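Both complexes shown next keep chain A, but they swap its partner, so chain B is in the first and chain C is in the second.
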Partner chain A sequence: MELTDNVLEIRDLVKDFPSVRAVNRVSFDIKRNTVHCLVGENGAGKSTLIKILTGASARSSGSILLNGEAYTPHSTRDAKQHGISTLFQELNVVDQLTVEENLTLGMEDTTLGFLRKTDKINTMVNVMNSLEPSITPRQLVSTLSVAKKQIVEIAKAVATESDIIIMDEPTAAISESEIKRLFAIIKSLREKNVTVIYISHRLDEIFELGDYVTVMRDGKHIDTRPVSEIKDRSELVKMMIGKTVFEQYTPKEGECKDAILQVRNLSNHKLRDISFEVHEGEIIGFYGLVGAGKTELARAIYGVDPYEGEILFRGKKLPPFPDKVIAAGIALVPEERRSQGLFTILTIRGNVPVMNMRKISHNGFINAGQERKVTLDYIDKLRISTSSTEKEASKLSGGNQQKVVLAKCLFADADLLMLDEPTRGIDVGAKSEIYGIIRQLSKEGKSIMIFSSELPEVVNICDTIYLLYDGRMKATLRNGCDIDSEKILHIVTGGNVTSGDRGE
Partner chain B sequence: MNSANEYTLRTQLERSNAVRSNIKKLYIYVVLVLIVAVFSVVKLGQVEFFGRGHFLSPDSIINLLRSAVPILTLSGAFTLLMISGYIDLSVGSAMSLSAVVFSWLILNGVSFLPAFLVTLVMGISLGFLNGLLVMKLRITPVIATLVTLNLFKGIALLIVPHGLSAIKGSATKLMPAWINDYARLDVLLGLPWAFYVAILVIVVLVIVQRKTILGKYAAAVGGNRTSAELSGINAVKLVWLLYIIVGFFAALAGMARASYMSLGDPLSGDGMELDCIIAVLLGGTAFSGGEGSVAKTIVGALIIVCLTTGLMTVIPAFWQTMAKGSVLIAAVVLNHLLVREKVKA
Partner chain C sequence: METRLERKKMIGGRMSNESFITLFMIGVLVVLFGVSCAIVPRFYLPQNMINLLTNNWYIIMLGIGVTFLLITGNFDMSVGGVIAMTGVLSVWFCQDATASQNALAVGLGLPYGVAIALALLCAMGIGAINAFFIARLKVPSIIITLGTMMIARGVAQIVAQGAQRNTSLPDVFGVLGGLTIPGMSIKLSVLVMAILVVAAFVFEKKTVAGRRTYLIGANSVAARLSGVNVRRHLTSLFIISSLLAGITGILLSSEFKAGGSSRAMGYEFDALVISLLGGVSIAGGFGSVLGMFVGAVILSVVTSAATGLLLSPDWQFTIKGVVTFIAILAQRFALDKRKG
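Here is the complex of A and B:
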């Protein structure tokens, strides 16, 4: 068979979700035996595209040609049989087995159920040795570092003659020296007839590694170009964010009030030396990409994750237990609405008052009338669209679910609200309603911290924006003066901070 | 898919869910009535267990309710624990141990009230131990309470003097007759104190489950432990407390049985964990927790008691355990089918 130059041709690919078109008529080619990078902000449609390629999700329309033939994978297994392997962030190795056993897992040669030593094992081990000689086949996988586990997976993919290996942020959890080793291996894959689709938020890696780069934005394909034709990272950043139109931000009038929360030299497994203050009535934004440490920061303040350093709330040290933090006056709207914020099998009435039951009870007995009234109040106040207080939370739309979580936190009488990705996965209308609620709360004197990976969101409503990268606070910006989205993206993708970026 | 199609699909789905939830609400009562009806119709003449024959005769009903006392006392607290998503397999052994300790105290001249209170305190400490293992040391509930099941039973067997099968009176040392007063003495309508205590326990626990913070928090922890903890609920303390409550009521149930039989049998609670689980599942509580009802568990408990008593009159004893096992399978399958609602993929 005459092989075409392109290993993969994507044509007019569309993926629709109930409220949003995640992939919008995307077409591009991936050349054989290259490292093809895929970049874009969160929500640009990269992961959806990858899910379609790996068979985890079905396309709505469009076509994909793999080696010139129509390709419609039904499962990740199916994709693998077609020669597309994926290196997920959650690694797919069994810790308790040896390297050798992992390599042949699912493809063992057997006679009457007994394992048989065949050439297959040798072939696989040889492939692995050629990639990384320091891994011995009899070693338990649990003794390997994350990077070496990745190499085992890559070896397996190469040995099973995959044409394409998709790598989703493989460097997110490994050390600097291991990254170098991994890059050397990725580069060597070209000679082994393997095409790599490489996804990363670290733009420097693209220049070091990539042959081609495809930029996506808002579900659309922006451009595919040889990396050598791209001048520098700022050109790439420009392609990623396009002309972002920010809603008009109106700077807060009035003077700076007292600091309500003071965080000093906060460090833990993810965070490095973070210090900042939140003032009364202020809306603070923490912006950074996935893995920048936003959620970890919220969790540390909330007392869920351990930390070193000092957190003072109204001048007093904050005890590291969620129940005490809530009692002190802080509430968190967690990142994952359904699994962390909501009680999906309970009704709205079962959800709203749960953080402050004392307020509607007497000696442990709940006042059912008050419970209902409070719930109705919040349904009304936050305009939660539901037929009654007795509707199960799982049956509400994403936006309304988020409002229920918000109601829960508001009922806790918190003076400081921490909102982790407050509008993730909800439609535009509900989004702007939630922004309205946040502004209103700030006017009422509540302080708000927003942790977001959507730049327009923080620029839209926050008074002060902190930029996070790799667990570190990289810059502080006052909103309303010089918001330069390019510069911001430059910083949160790991670029150097020049002196001018430090806003204050 | 076009929108009209999607709409019909959704309404179909909603309708099937509505039917499902109605079946879920009512089926347990139907089962109870059916079982009572069947045993009332079956001719019991040849079998002499009840003597006077009819399942619905006042004597049989009173007998039935008397024998129901331990499960009525215990299954309410067990429901609360299961709503929170946890389980205690050691309840039967905790009952046995309580029966043995209670009888031993009485046989050795301790009067009723001190013996009663000491046994309750012991029950609390058994629950405390379970809570410690599960919540503090984070041992899987099934494993931890399976271990304590054997531990408690072992202690009970140790207390019983060598060569005897239970703590009981002998020619030289009589068990005082008043040990029967709690679970046999007719105080009202032919029923003893223990029965009215069980009714009081049920009423209190129904209220606790429906009307108090404890009940709401149990459902919250069972529904989503992460959300509960991020909402400031101390799940460790809460479930630990529920284990203690279960231990307390296991002791109460154990004493009712000891008083009923006027002996401390170290095997008297055997199988109670299974009875409780069947009752709770029949009552529609999800095995994974989050929702459930103490009141319905009581209906489930009555079903088990009727089944046990009814079967006693019609089939040989060694078939009964198997019959009970079959009911458990049916209960689990029904629970699985009804609790899990279909949602749009």
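Here is the complex of A and C:
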């Protein structure tokens, strides 16, 4: 059979979720034996697209042609059999086995249940040697670095004759020199008849590595072009953000109030030397892409992760325990609503008062009447749509669940609220309601820190925006009419900061 | 006016799933009891009913701690061993210290009160070991408490030399276990159990600490981020569970005027079974002490009906197993149906 020029043809692909269309009539081609980069902001629809390609998720409509034939994977295993392998951020190797055993895992030849040595192993090992001679087959995988584990996975994909290898941010967790080595290997894959779909937030990598680039935004396909035709990163950034409409933000009247939180030289496994201050009534935004260190910063302040440096709240050192931090007057809405914020099997009444049980109890005994009253108050105040206080939290919609988590934190009577991705995965209506609540809180004199990977979010409501990249504070911006979203994206994707961006 | 009405409606609504399961199991109990009354002679006599409620008192005592730990998502398999250990130690501590020919008749000669206090401290020590590994080092509870189960029983075996200690005890030793409430045939031990069940019920439904138990079981990460000191709470619960087992051990050894190393063999499983019969979820976050109590009575009805029908005691395990199996399946089915 004559192979077509395109290894993959995507036509009118749609993926609908209950409240949002994550992939919206996307069509583009991927040329055979190229490195094809996929870029877009968080929420642009990249991961959903990849999930459909790898069989982890089913499409709502549209078609995919693989080597000219209709392709509908039912599982990741099915996708693999069709020649599409994926290198996830969570690597798929077994640490306790040797390299050789990992390569043949799931494909062992056996006689009566006993393992048999065959040529297959030799082929595998040869492929691996050609990619990276320094890895020996008998080595335990646990002794390898992350980068070398990736190479083992790539070797396995190549040796099993994958046509396409999808790589999801492979450089997120490896060092500079290892990145160089990985890139050399990726480039060499083209000669081995492999097409690479490469996803990264680091735009420089795309220019170094890519043959083609596809830009997605808000679930839509924006453009697919040879990388050589793109002038520079700012052109790419423009394609990524389009014309973002920044409405609503009205600057605060000028006076600078007292600092409530002071962070000095904060460092830990992810963060590098971060310093800043939060003032009373101020809304502060921390913006950066996935892996920039936003969540880690919130967790350090909240006393969950260890750190070096100094965190002062109202001039006193914060003890590194969440219960003490809450008692001091700080509350956190965590990043993962269902696994970190909500007690899904409990009722709304079981959720709302938990961060401040003192307020609804006397000498350790709960006042049931007060508990119900408080729950009803917050259902009213945040307009949580439910038929009863006794409804299980798991049965609420995403937006209402988030409101319950928010209610929990508001009930804590905190003076400083930290909101990590406060509107992730909720619909537009609930989103703007939550923004309204945040503004109201700020008017009441509460300080708010928002950790977000959505630019419109921080630009719409924050007074001051800190840009994070790779665990470092890259720039500080005062919000106002002169905010430049292109420059922001330039910085958070690893671009250089010009002198004017720093400072207050 | 209207909003007030609205608010009232919001508060009402359906009963909680816990209440539903407890009611469901009470229904099962009533049916089982009716059937037993119909086919087993003299089953309906008041004295028999009292026996049904009380003759499992030691399992119910254990069930309290086991239930709360299950609600947090943890097992406590050490409770049977702790009974044996506490019983043997309480005997040994207050046996006469003067030399005797028989090594099993020689103890430390401590006053009875001191002996009990020390034995209970040792019981709490087992709880503290459990807590240290489970709450602090995050080792799965099933592993650790199986280990301490054997350690506790091992201590009992060493001290009782694989047999039992029952000689040269002060007279006061048998008092606690032998006391009955004047005018009734109810033992002090049963009264202690009843008081503890009521206290546990209040703890579960009315206190902040009781609520925290559910929060930890429902989502321990969220509990920590919501300001619950998960480690401290689990530690308290493990120590309380061991303390309850210790008290049970003291009462049992007093009743028998002896401390035997094979006492309470398998009780940890019975305690687990009655909790599960009462609807406690091993996934955590769900269950109630009242349900556990109902579960205990169901088990008691079934075993005594079987005895009343002159089935050989050899059948007891099989019958217990079958009943547990059916009851728990029925429960899950009912709950799924309700959740729709």
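Operating definition for what follows: the second predicted complex is superposed on the first by the 501 of 504 C-alpha atoms of A that agree within 3 Å, B and C clash if a C-alpha of one lies under 4 Å from a C-alpha of the other, contacts with A are read in each partner's own complex, and residues count from 1 in each chain.
The rule is short, and it goes like this: contacts are C-beta pairs under 8 Å (C-beta built on N, C-alpha and C of every residue); 3 or more make two chains touch, one makes a residue touch a chain.
Since the model is a prediction, treat every value here as computed from it, not as a measurement.
With the C-alpha superposition on chain A as described, chain C and chain B clash in the combined arrangement. When the shared chain is aligned, chain C comes close enough to touch A:L376, but chain B does not. Of the two partner chains, neither chain B nor chain C is touched by A:M107.
By the touch criterion stated above, A:M357 is placed in contact with chain B and with chain C alike.
Once chain A of one complex is fitted onto chain A of the other, the partner contacts of A:L342 extend to both chain B and chain C. By the touch criterion defined above, A:V94 lies against neither chain B nor chain C after alignment on the C-alpha atoms of chain A.
Residue contacts after overlaying the shared chain place A:K408 against chain B and chain C alike.
Comparing the two complexes, residues 302, 304, 321-323, 326-327, 332, 334, 339-346, 350, 354-355, 357-358, 361, 364-366, 408, 412 of chain A contact chain B in one case and chain C in the other. Remark: chain C residues 7, 9-14, 16, 206-209, 211-212, 214-215, 218-219, 221-229, 285-286 touch chain A in the complex. Contact residues on chain A toward chain B in their complex (touch as defined above): 302, 304, 321-323, 325-327, 332, 334, 339-346, 350, 354-355, 357-358, 361, 364-366, 368, 394, 408, 412. The touching residues of chain B, counted against chain A in their complex, run 211-214, 216-217, 219-220, 223-224, 226-234, 286, 290-291, 343. Residue ranges of chain A in contact with chain C, taken from their complex: 302, 304, 321-323, 326-327, 332, 334, 339-347, 350, 354-355, 357-358, 361, 364-366, 372, 376, 379, 386-391, 408, 412.
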